[in-house]
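Listed next: structures, encoded as structure tokens.
Each of the next two complexes has chain A plus one other chain: chain B in the first, chain C in the second.
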Partner chain A sequence: MATASISKAERTYIQSSLQANPPLRADGRSLLDYRTVFLETGVAPLANGSARLNMGKSPQEGGGGTEILAATKLEVEDVETGGGVDGGRLVCTVTCSPSAYPQLSSNALDELQYDLTTVLHQTLAHPALHPCNLGILPRKKAWLLSVDLVVLADAGNALDALFMAARAALWDTKVPRTRPIQYQGRRGGGANEDAMEAEGDPAAGARSAFDTRDMKRDAADFELPDYWDEGEVLDGRDRWPVCVTLNLLPPTHFLDATSSEEGSAPVKLLLTFSFPSNQPTSLQAMRMIGSGELLLAQMKSLLADGEKYARDLFQALEAKLRDEDVRRNVKARGKFAMR
Partner chain B sequence: MDEDWEEGSHRLTSPGEPLTSSQAFMRGHGTYIDNEEVISSVAGTVERVNKLISVRAVRSRYNPEVGDLVVGRITEVQPRRWKVDANSRQDAVLMLSSVNLPGGVQRRKLESDELQMRTFFEEGDLLVAEVQAFFADGAMSLHTRSLRYGKLRNGQLVTISPALIRRLKSHFLSLPCGVDLILGLNGYIWVSKHVKQTEQEGEEAFDAEAVYSNKNDDIDDATRLAVSRVSNIIRILAAHFIPLTDTLLLDAYEWAVEQEGDVKELLQADTGDAMIATIAARD
Partner chain C sequence: MSSRVEILNDGGYRSDGRRQYELRDISIDTSQQGSADGCCTLRHGLTEVLVTIFGPREAKMRSQTLHDRAVINVEVNVLPFSTGERRRRARADRRILELAATIKSTFEPVVQTALYPRSQVDIYVQVLQQDGGLLHACVNATTLALICAGIPMTDFVCAVSGGVHSTEPLLDLTMLEENDLPHMTVAVMPRTGKVTLVALETRLHVDRFAEIFKLAGEAGQALHKEMKRAVRNRTSRLVDAMETSMKQPVGGERDVVMEDRMDF
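Now for the complex of A and B:
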């Protein structure tokens, strides 16, 4: 991982402070405290869903903190001729702004982007999390859901922030409603006298209304009905995972490291949990970053701890996202009605 | 319009503000011409030299001047020189010939010194130095030829905007809570455990072991707590854009201790605001 350079004296100071009793961090947080997280959804008007997240910004001044911009965009893909997959697919891309990592060369920045993209893509595009409303026409058309994230500034713990921003953007995503359309040759008429009909309209069909054998296959295209809203929410919005990075500094571990703390903890354990409502919690991804080793027994206790932290984080994020929904829909509508 | 630019007067301007007519004056840095008017493009102070109008931005990188005390971080080791990040537009340069070497101040630099430059400073090391001169391209050259300058240990770095550090009589502050501060004019502040004057300067002879050591002394929990508290106070003052002075820091520290709160509570917005309100009232 890209860590800002740090001197040996600073590193030992941070390490010994963390291992002191009681442990003390540079800004006085306890080991399990997160910095303040600022989150806003719906920041990009042209995206289907978007979010901006800042972790650790000081409230009075604009600067500081890890800043992530996330946006999702839906595109139609052809399953037969294009690269589409039946039922839709999700592609995740992370871009790092060079100003977030001024110490990195462009090659190192590319590598970092690639690493982050891999972590995000492999976790979010997992079949277990796949939303079921990304298909348009079976075996013909499907949505491609691109999740694009930009790291605008990194003040440590970019991965947790990336996952949180991705979750917020996906939560915010609206899938446009579609209606399949079929082209049907009129019985007895020439092939070029095609009539365009909506599938759901049985009276208009020249054939028997009960003859539905070819219906599915014939659905060749779709239309976008005009509704007052932008579509229905993406399925499975409660399944999107949250990530906690446990920075291991035996015998303790701590959360939400700043960049200098990241430089002082040799091993990081990345745990990604999903908390679907009325289903058991599932561990979606797990990764160890850095050099060092862990015993299985330690791993087990860390997993249990990690789940607890992730649940707290999940609940806080969920509350904030519901808040944002209210702010953007109910309140905005009320304001509009008042005008 | 152009009445109040006597030499030495300071007038604040904001982006888009018309300054004067472009007929009578020339535009300098931080301005542009539109509609035959010189207009400020940044927020800052207006400066005039004869017929040249320029605006010096408030929020900018550090503009070095000779004699300034800066705190920097080594970014690169090059032949006979180190590159130092000092929050300026370009990396500063620290020549091997401008550091104190073990075995006496007046010693000649040998080839062996060039080969073991990393034993003095290596990448990531923090140091305190003075701006010695400028190169032709505007990069600054540093020196550490004083016993007060050199590698930094026993503490942590806080970064704030360089505009908030005023030129003081001394930039080495020592707070009664057992914390030393080095206020780099480039906005880097080193907060560390107090080291006694005699220990710091050594007994006459220059102790190279200690000067280039990477090992921290033993630091007790109370000192660590004080270091964290002072760092947080600096961060809050910076967030409220209040220039640092030693009396201000002391007032704020006393206030923070009186509150008997946790160190982390300082970073919460209402606590910070309360602190600012209290110390502003005392002045």
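Now for the complex of A and C:
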């Protein structure tokens, strides 16, 4: 990944202070501390779900930190003629603002975008995480869920932040309610009488041509019923994974590296866990970035540690997301009722 | 006809409840973003843009530099979820390149590029949300970001869009109005009254042009006040921060410790 270029002396300085006893970091954190994370959902009014995440903003100056904007958008796709897949599909795209990586040329930026997109897309679009309410009409229409993430500023550990922002945006996503509809010819009428005629003729029978009952099997199209809320929540809220990056510095490892620390850790281990409720924890993705080797025994303990950190992160994120939900939905409803 | 949204109703109100010459509310945030030299998030109604400035700095490609002045480089990125319909625009999209070129030519006469020969000023524009008046939001945000970056300019550049509904001029159009009306964007330099940008993409009756042009000039003055206030606020905050740090010298306590050690 793109790391700020730091000098050899600076790298050694950072490495030796991280390995010192007790370990020292420039911002006074311990090795396993995360920076403060700010999260807000519902930031893009035109998206179906969105979140803005900042990691490490300095509270006095109101700036700095890794900043991610994530939004999901739903589009209808035709399964028969278009590129749709029965049951819906998820596409994930990461865009990096040139202001986040001022040292990179536009080609290098494209490569970085591609790398990040691959990691995110491969993990989030996996069938194990697929939400079950993305289909509209079986074998006919389905939703395309596009998750767009933008890195507005990078002050280190962009991957953890990206996964967190993606999880928040997906958690916030509402799928519009749909109702299948179909046109029917008049019963007992001529075989070539079409639905429009049947509808126009008042003597055609008691049954309306426009019937929405029991049509799951052979519905032709769907409609969006007018309803007061934006739809039902996207399925699989609890399954969306969180990612922890373990920066390995042989005897120890540390979490949430800043840009300069990222540049001085030779190997990074990327672990993505999903914590579905009432199901066992699953490891969704694992990547080793950088050059170096790891002993198998070491790997096992790192995995166990990683799961612990990821669980803490997951619980903190879950609490915040529920908080946001209360702020935006329950309180807003109360305010509306007060008027 | 009744189902259509009325652009300007009999009472003189527009679809979003504004009067003819009323501008949408503006919010300006000039807090630091990453490692940028200057940045500004400007929200104009529902249109939101984020501009970051880097420079003047050494150009990434030396071949593009000029020996007597700085080069201004503008890159625009429109986020896929900024409009109602999701649409990915490539960076080389014609529409985006045109927007970037317009911003560049607007600022070339205003930024004192001659002070920084052989260098480059990068202007990165992120369009976060669109609801009409994209160009003028970009221009206003760029002005503020350049000021925050401390790049010398001869004046502010304040832009506003104007359109005409039958014979009634309107200011600061929303997306809905932009789609239906002939409109143009004018950028003025409020102190000198000079105009650095007039962009007209639709057909406009020649008799109406002068009227809108004059109105937009006056609206530019109003915007100038708002932008100046934002700059003043930011500067006074900076001055305050400097003063508090001057009053409490950081080295004060440490000096005592040093003296203690000297006793050994």
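Rule of thumb we're sticking to: the second predicted complex is superposed on the first by the 307 of 339 C-alpha atoms of A that agree within 3 Å, B and C clash if a C-alpha of one lies under 4 Å from a C-alpha of the other, contacts with A are read in each partner's own complex, and residues count from 1 in each chain.
By definition in this document, a contact is a pair of C-beta atoms (placed from the backbone, for glycine too) under 8 Å apart; a residue touches a chain by one contact, two chains touch by 3 or more.
Keep in mind the model is a prediction, meaning the values are calculated, not measured.
On the superposed chain A, the two partners chain B and chain C do not both fit; they clash.
Looking at the shared chain after the overlay, A:Asp154 reaches chain C, while chain B stays out of its contact range.
In the superposition on chain A, no contact is made by A:Ala297 with either chain B or chain C.
Judged by the touch definition given at the top, the superposed model places A:Ser106 against chain C, while chain B stays out of reach. In the superposed pair of complexes, A:Ala337 makes contact with neither chain B nor chain C. When the shared chain is aligned, chain B comes close enough to touch A:Arg29, but chain C does not.
Of all the stretches 55-63, 127-135, 163-171 or 199-207 given for chain C, the clashing one with respect to chain B is 55-63. Across the two superposed structures, the residue set of chain A contacted by chain B and also by chain C is 61. Those residues of chain B that touch chain A in the shared complex are 73-75, 123-126, 151-157, 214-216, 219, 221, 224-225, 228-229, 231-232, 235-236, 238-241, 262-267, 269, 272. Those residues of chain A that touch chain C in the complex are listed here as 44-47, 50, 61-64, 67, 69, 71, 73, 75, 93, 95, 97-100, 102, 105-106, 146, 148, 150, 152-155.
Note for the complex: chain A touches chain B at residues 5-10, 12-14, 16-17, 20-22, 24-30, 33, 36, 58-61, 103, 260.
Of all residues in chain C, only 31-36, 39, 46, 50, 52, 54, 60, 75, 77, 79-84, 86, 88, 91, 122, 124, 126, 128-129 touch chain A in the complex they form.
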